[in-house]
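Paired with subunit B in one complex and with subunit C in the other, subunit A is shared by the two complexes that follow.
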Partner chain A sequence: MTLALLVALPLAGAVPTAVAGGLVGRRTVGSIATLFIALSFGAAVAMAQAFAAGKTQLVAELGPWLPIRGADLSLVITPVTVPLVLMVTGVSTLIALYSIGYLAHDTGVRRYFAAIDLFVFAMLLIVVASNLLLLFAGWELVGLCSYLLIAHWRDRPAAAAAGVKAFVVNRVGDAAFLVGLFMFLGLVNTVDLAEITRRVQPALQQLTVEANAQLFAASVLLLIGALAKSAQLPLHVWLPDAMEGPTPVSALIHAATMVTAGVVLLVRLGSVLHPDVLFGAAIIGVITALFAAVVALAQIDHKRVLAWSTISQIGLMFVGAGVGAAFAALFHLIAHAFFKAALFLGSGSVMHATDEELDIRRLGGLARRTPLTTIAFACGAAGLAALPPAAGFFSKEAIAAAVMDRPILLVGVLATSALSALYAARLFALVFVAPPSSDQARHARESPPVMLVPLLALAAGALVFGALVAGGTVPLGVTPSAEAPLALSLTSAALALAFAAAGLAIYWRGPRAIVPARVSNAARAGFGFDTLYLAAAVIPVRAIAQVLEQGSEALVQLIADLVGRAVIAGSALARRMQGGYVRSYEALLLAAAVALLAYWSIR
Partner chain B sequence: MPTEAYLLLGALLFALGAAGVVTRTNALSVLIAVELMLNAVNLTFVAAARRYAELDGTVVAFFVITVAAAEVAVGLGIVIDLARRKTSVDVDEASDLRG
Partner chain C sequence: MIASALVVVPLVAAILCVSATRLARPIAVVASLAVVALALAALISGAPTSASVAWAGPLHAGYSVAADGLTVIFLALGGVLFAIGAAASSRVGHRRAYFALWCLLIAAVDGVFVARDLALFFVFWEAMLIPLAILMWQWGGPDRRGATLRFLLYTMTGSAFLLAAIAALAASRGTLDLAELASRPVAASGQLLPAMLLLAAFVVKLPLFPFHAWLPRAYVAAPIPVALVLSGIVAKTAVYGIMRLCLGLFPDGMATAAPVLVALAAVGTLYGALLATRQDDLRRFIAFSSLSHLNLIGLALFAATATSLRGAVLASVSHGLVVAALFLLVAMLASRTSSFALSRAGGLAASTPVLAAFSTLAIVAAIGVPGTSGFAGEFTMLAGTFERFPAAASVATLVVILAAMYGLGMLRRAYHGPPLAAGVDLAWRERLLVIPLLVLVIAVGVVPRVVSDRIPDDTLPSVEVTR
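Up next, the complex of A and B:
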């Protein structure tokens, strides 16, 4: 019952917000939408207490859905997914609260909050769906909501294009996911996750060559779905552009929900996917993590730094999930949700304070003007940089510990951590410490309390969450597979501290070019992936579309012409009967009567 | 006289009338031909009534006579209007609705 409520509440919030949101004021719309998510969070807390009291599973059977084995409307929650549910609803509540302030002067709040509620609903569905098909429904809804939210400022061409891009790139993954789902259905004849696990797991050892290949292909397809949703190489291109959306949306999509869906999928299906594919996910994760960290280092737009760092951090989660360390992946997922949401909301607060200034070279000195935002941002940055004792330190350590016996992965993870410390420090120094370099920065003003309260709450989470989990106060539902040796802890702490200090030292006095402009420009552009896709996919597809458009236009023209001509020819025939002479009508009448009589008499 | 003879005569008259309706151009002649057709049918009805010794056919024949009277009234009205509009009673003149 609580479980059904948990999922139904955000959906219940979306409907009145969308339908009747125009009848009340903007603030009221936001408050109502936030309230429903908060209620859902309450349900999550109630469930967490039940689990703390010793429950091992909660199931909600809502009824049959499709005539496929296992495809019922049923939800399941286990100790593994409880923390996820808490995080999704909790962080979303704070972000929705923040949005009330952030979008106080926006005319589209009704659209916005309806989409936010729907988004939370969809994400919860991904986390607690008991079968793959229902999970896929959430998966698709998340894609839809991301489109709606990224393109929230729909009269801006860049925002509309970014929304479409996110949607289209996600479609690639969704299509792969769906085909993989069908292959699993063919393989084990059910979509129920628990049953798939039961059937595949023992069979993994003694699979025939053919079934092995099938499982491999199905796993690869599901992995592609996860890569697209989680913005991993090579399907990451939508995420940086998604920064066109309102900043709280970035926090919601890129910290708490959507992008972590791929990790959630890998964790939930960890024991089912083909082991080679799972390891492939770890490899892709580490490559993505390093790649995105380098790109983040070169960004000059503070939201884009965070966007690329999100891609990088999700890469680390993929490493954790890929080597089967569910604990490390989930730990970093939740820690990341806290510090990244704090950073994004901090970023939004900076924009709010400086007239939407995004260029970090034109910011600076905000520490004096906006002290609370600075504190919150510093907490988030400490989490991102993995400085002890912030959340990221413990979670990255857990990931590093999980890949201890795979040196290449370990080096990749540590290098990514070091780079994250560097760009987090660079970002913080340039925005808050360096001398102000524009009038906006000099005249920045602190955000209202409705934005600061959620921001500070998330910052507190970013600061203490890691220690709470590592200390055992907050259970994550899974136990760590490997304990980090002291040497590793010391190494990662030293790396983080050294690189963060270096970053602060380099950028303390303002922007500085330390690599040749050609290199940093290439990195800033994400090393040409966009250009590649433009040439390889967008332009050919456009050309085909153009040909088809012209062809279809010609075809429609032809059909229309033919219809017209047929009517003209037909009416020329019919005209002959309407000669205007009474006598010919009479003759026709007579002939018809004779014909009718003849017919009757013959029959 | 056998009934077949009446029927034959009725059919003959009907065919004559129909031919008149189709071939005549004078509106009055057309009306007369229509009258001929009606009475051919009347003859057939009465012959059948006699053959089966029942009154139904006779009753219908009377109906036809009544209706024919009305028909002639309407028809002559149309002919008079036609004559006013076209200064002749040639039905081929009245072909304004040619498609």
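Up next, the complex of A and C:
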């Protein structure tokens, strides 16, 4: 019951917000929508207590859905997913609350909050769906909400383009996901996750070569789905553009929750997916993590720094999930949700304070003007930089500990951590410390309490969450697979401190070019993936469509005309046959009789 | 009894329409809703619906009608679309003639779905063309004459093969009664030819790629309500025909031809979607997106697994509802920009937020997002097709990417960006036309089994056991 409520409440909030939101004031709409998410959080807390008291599983069966085996409307929650549910509903509540202030003057608050509520519903489905199909429903719906919210400001062409791009790239992954799903259906004839796990797991040891190949292919396809949703190489291109949406959306969907759905999928399906494919996810994760960290270092738009940083941090989660360290992956997922949401809301607060200024070279000195935002941002940045004792320190250490026996992965993880500390420090120094370099920065004003309260709450989470988990106060439902040796802890702490200090020192007095402009420009553009896809996918598809329209479609129409002419000509012929001459009728009769006889005798 | 009433009620309504100018439209709406009510009554009461009268003995033809679950699903869909189409026909000239023809079309379409005798089926099949052609010819747009002629020529060519098949069956089997034909099936080796002759009529009406040349012109030239029912329900008579006649009577013949047909349908699915990305005229946009959807339905029909057929029925219902909503919304957009051209719209969301919201929901259903009927149909079809034709199903699955491109691309060009066009937002009268469709789209998306569980087992292949 509580489980059904957990999921149903945000959906119940979306409907009146969308349908009747016009009847009440803007602030009320936001409050109602937030209330429903908060109630859902309450349900999550109630369930967490039940689990703390010893429950091991909660199930809600709501009825059948599609005419396919296992495709029912049923939910399941286990100790592994309890922390995720708490995080999703908790962070969503805070960000919805923040949005009330952030969008106080927006005319589209109704559809904004309706989409936010729908999003929370869909995200919860991904976490608690008991079958792959319902999970996929949530998977697609979060994509839809992402589209709606990126394109929220409908008069901006760039926002509309970014929304479509996000959805289309996600659909590339969804198409792969679908075919993978069909293959699983073919393998085990059900989409029920528990049953798939039961039947695939023992089979892993004694699969036939063919079934093994099928499982491999199906796993690859699901992984492609996860890569698209979680913005991992090579399907990461939509996330930086997604920053066209309102900043709370970036915090919620494009940092804390939706983009981590790929990690959730890998964790939930960890025992089903082919082990080689799972390890492939770790490899892709580490490459993405390093690549995106380098790109983040070159960004000049503070939201884009955070966007690329998100891609990089999710790469680390993929490493954890890929090597089977569910604890490390989930730990970093939730820690990241806290510190990245705090950073994005901080970014939003900076924009609010400075007339929507995004260029970090035109900011600076905000520490004096907006002290509370600065403190919150500093906490988030400390989390990102993995400075002890902030959350990121413990969660990244957990990932590093999980790959201790794989030196290449370990080096990649540590290097990414070092770069994260560097760009986090650069961002903080340029926005808050360096001398102000524009009038907006000089006249910045602090945000209202409705924005500051959630911001500070998330910042507190970014600061203490790691220690709480590492100290065992907050259980994560899974136990760590590897304990971090002291040497590793010291190394990662030293790396983080050194690179953070270096970043602060370099950028303390303002922007500085430390690499040649050509390199930084290439990095800033994400090393040309957009151009590549434009040339390799978008333009060819458009060209094919054009060729089809002017070629084959014209041909189809032409043939239709010819058929029409042939009929007219034929009818002229037929008219001549109906000339009244008995001999021609007889000839026709004979021919028809012969043809029919031939047909029936052949049969 | 009820099955006969489903034809008689709209016929009576047609006569009433002729005699009452003022009330013609309400009569047509009520007649359509009566069809829905009768169909559902047939389903719920469980009373025998069939009627059978021997007739034209030497021709082996008889009057035999019945309404089973499959028939009822299509009739209910048709009734809803005819009612909304009639309600949307607010500013037509020659009202008595228009609505009388409208009711005749309802009667003919109902007849196709209830007929249990091939000769009777053919009579109704051809009877659909007459009111349809006159409605297009007389009330259509600038290209109406050419488009109507091509539509007629094309479909009648297909019908010729249908007639040939029926004649051959009458001669060789001595009966045209569907139940009797099914009880004494043709030998597997002799099924291919009659199956293909029957299919010829259906692939044109559907239309299957590449037999779709009539489609874009007809969608543009027909009056919007007529285009709505043409795509929404008349195309579904082909779906029904393939299920009931081709697959029902000649499953082995269909299985022999399946590889070729499946390939054509998979190509057509992507072809329609690719062309939809390039359309400026919104009616052509609907035409090609419909082509894509209808070919996907064809794919599922030709794959002919129990799951794919359930999906095909769900998708037929979904496409009918969604395409009706799209046609209405596109007409409402056009009435504000005085043009069906996308290039004349732009940034409309600012002045018409409700129109934008409804259009977004309709497109979301069209591109198959879960929670809408579009997903229920699309997923079930693809999953079912994959059981037998994994390669074709995988290729066809790429349509989800192309659909996102054309669907959201259309929304972006019409509603997003700086306002280039403006208009008054939807009036309540307009909203009430679209809301029932959108509600049904969501309802079928959330509880699709309400529809798919009504499909009688004897219309699904019996060898496979899916739950």
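Points to keep in mind about this one:
As a working rule, the second predicted complex is superposed on the first by the 545 of 603 C-alpha atoms of A that agree within 3 Å, B and C clash if a C-alpha of one lies under 4 Å from a C-alpha of the other, contacts with A are read in each partner's own complex, and residues count from 1 in each chain.
As a working rule, a contact is a pair of C-beta atoms (placed from the backbone, for glycine too) under 8 Å apart; a residue touches a chain by one contact, two chains touch by 3 or more.
Please read these numbers as outputs of a predicted model, since none were measured by experiment.
Of the two partner chains, neither subunit B nor subunit C is touched by A:P516.
In the superposition on chain A, no contact is made by A:G54 with either subunit B or subunit C. Of the two partner chains placed around the shared chain by superposition, subunit C is the only one that A:L141 touches, whereas subunit B remains out of contact. Once chain A of one complex is fitted onto chain A of the other, the partner contacts of A:R154 are limited to subunit C, with no touch recorded for subunit B. The partner of subunit A that touches more of its residues, comparing subunit B with subunit C, is C.
Of the two partner chains placed around the shared chain by superposition, subunit C is the only one that A:L66 touches, whereas subunit B remains out of contact.
In the superposition on chain A, contact of A:A175 is made with subunit C only, not with subunit B.
Contacts from subunit C toward subunit A in the complex involve residues 149-150, 153-154, 157, 168, 172, 190, 210, 212-214, 271, 274-275, 277-278, 307, 310-311, 347, 349-350, 356-357, 360, 364, 369-371, 375-376, 379-380, 382-383, 386-387, 390, 393-394, 397-398, 400-405, 408-409, 412, 415-419, 446-449, 452-453, 466-467. Across the complex, subunit B meets subunit A through its residues 18, 21-25, 30, 91-92, 94-99. Against subunit C, in their complex, subunit A makes its touches with residues 18, 63-69, 111, 133, 136-138, 140-141, 144, 147-148, 151, 154-157, 159-161, 163-164, 167-168, 171-172, 174-175, 178-179, 181-183, 185-186, 541-542, 544-546, 548-549, 552-553, 556-557, 559-560, 563-564, 567, 599-600, 603.
Those residues of subunit A that touch subunit B in the shared complex are 574-583, 586-587, 590.
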